[in-house]
């Protein structure tokens, strides 16, 4: 921003110099623009500070309320006394299983759709526009609607009942739009030089896709995955009627299993005296999200290094 | 395709027990029992379920939630073997059998700093109909009233409406909330608010230091003891409901949930244990 | 290669008008002219990379050894193996130097590792890169300098044993030293390959080319003004436009 206003100033001073009274006016102009720069910078800092403070506040709140609950047993034991005692081990396992189902279904489907949209359709083609329109619509549907859909379709029509599988599949429907849209951006970010270069070498579109474009688009896809995981982990409404409320250790994907977010919600809303565990669980969720974010970034760095060397 | 793969991989190692099925082998019971319904009953039912599983190792009790209405719908459709309903049954629900496992009083709560000590029935109706908008009209400090109401379909709402003879559409609420804890948090954070929640939960939170006051109703103090003795006028049962012929497993669970063996669990969830006088 | 009556449209806008140009085998043909005169468009037609441009339509005839390459019957993968292309900006794939070669080779049916390695060494030697990179074939290609990258791209195209090599201003993104090296490399390829090079650099065209063609933008449409052997193109052009252009008066 600074640089831009500087060049603007130079252009202006050049123009004014021609009129013979340049110096004075340019001086005033420069001063006011510098002041505006400072104001803008100040505003940016304020916004950033407010954001950080909000996050800090939430974190501090969670820490003060929930840190006391954290222990080895908290991570390994099943909840007792409606969650006020015991741990969240089984809930953690259920959550990870739900997430795994969700990603195993949504990721291949989402990436394939994104690849189709970006590589095999023209940007303004009617098919592409239609798919994108549907995805945008889907992205704005409230999650409770996905929950009710999942309860009817997966739990009842497909007979999966309250199960981790139902929950994961419902979540997959929900994160699909996010995944497709950011993967598509990832694909579009890949330089056309690579596509043209590959075509000029007589490489088939599918080979180019698999060995050149896909690896190059992986960072964008990873962003989509992380966003999708974030949304999936934060979800309650879509899961309460699908993966359910049971806190027993799941023996299979057809068992019902409570997710971390539902556990937090239930303890905060339904269980008197549930706040410490709710905060402790929220703390675990925040750390889990941070770890996934960080892990994805690290994995991308390593991938880029390894892939470019292979 | 992935779904199929998963079903193959994981279907084999679980989910083979039939819902609600019961087999008598050596006098024990086995199978899987699904409960859905009231989010108020769910934590309690979950605890009872766990104890029941301990007594009967072949049994799995899966408790789901979603609200009383859903409990009724699920038990009617057969999705659940037992529904959980935290209110009296209505006349149009006569196809269901209700078994009370605990009682829960519902009382009005205000902020601790609100000097109003009691409200008459007319005053409560006036507040909730939006006729009374300032606390000075009922003898409190001048200031606007924030009316906290429960969301449609919540059992507490129906208990409240039934007691005061109000209709849902008459109520002019400022804030609509879902669960008890949310009501408690809303009122403890707002000195001008009035709401109604489960006595057990309010009493528990007030003891832990939440700035709340439980208002008496018709001269009866809002205490767990008064709910237990049946003197407190606004209370509701926490029911398990079934439809049609009840399988042996469900029957056994209901009997267990109404027995003395679970009284400690009921008390821990801040409710009043069933002493044998409720719905059958 | 025989190009006749070539016309190119982008959507409904004509970009190239009726170009007829024989391209001499195993010689260097330079395409010169100001920006927007259709040189690159012409070049893209020769291996049908125009197919990648949405809304682009090509009419006329291009024959490679008498075989028509415009039209549906043409095997594009085979065509692009026979007619390679080098771009202005070096575009190595962002993986290792070795994989830059093995991937396209495998695509064209060479699966044997030893064969691939032999070809790799052969073409890297041909572009004078072997001694510079033989110890770091596993390193990412984008680590190389601009000039090395461009030579790698040329080697990559040569690995497919093409007959024709299209070069779109291959030196303009390079520093003078690298530019000189690449230019020498192109000259050395003259007797074995048919080369078509687009360049803005007239002295370069004069140094390396056997034939030169001047393209000009006439009312929004690129047209071929004059095509001649290099000597007469520079010393005795028939068109006034060519005369002015080579004299630096116009363009």
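The first chain written gets the first letter, and so on, giving A, B and C; residue counts start at 1 in each chain.
We take it that a residue touches a chain if its C-beta (ideal position, glycine included) is under 8 Å from a C-beta of that chain, and two chains touch if they have at least 3 such contacts.
Owing to the predicted nature of the structure, the values given are computational and were not obtained by experimental measurement.
The fewest steps needed to get from chain B to chain C, moving only between touching chains, is 2.
Ranking every chain by how far its Cα centroid lies from the centroid of chain B, the top place goes to C. Between the chains A-B lie more C-beta contact pairs than between any other two chains.
A simple rule picks the central chain: find each chain's mean C-alpha point, then take the one closest to the mean of all protein C-alpha atoms, which gives A.
Centre-to-centre separation between chain B and chain C, using Cα means, comes to 78 Å. Each chain gets one centre point, the mean of its Cα atoms, and the points for chain A and chain C are 44 Å apart.
Averaged Cα coordinates give chain A a centre that lies 36 Å from the centre of chain B.
Residues 47, 49, 52, 54, 76-81, 84-85, 87, 89, 91-96, 99, 103-104, 107-108, 138-140, 142, 153, 156-157, 160 of chain C are the ones touching chain A in the complex.
By the touch criterion given at the top, residues 81-83, 101, 104-105, 108, 155-156, 158, 161-163, 165, 169, 240-241, 244-248, 251-256, 266, 268-274 of chain A touch chain B in their complex. Here chain B touches chain A in the complex through residues 2-3, 6-7, 9-11, 13-15, 19, 34, 39-40, 42-44, 46-47, 60, 62-66, 79, 178-182, 200-201, 204-205, 208, 268-270, going by the rule given at the top. By the touch criterion stated above, chain A contacts chain C in their complex at residues 122-123, 191, 193-204, 207, 211-212, 215-216, 307-310.
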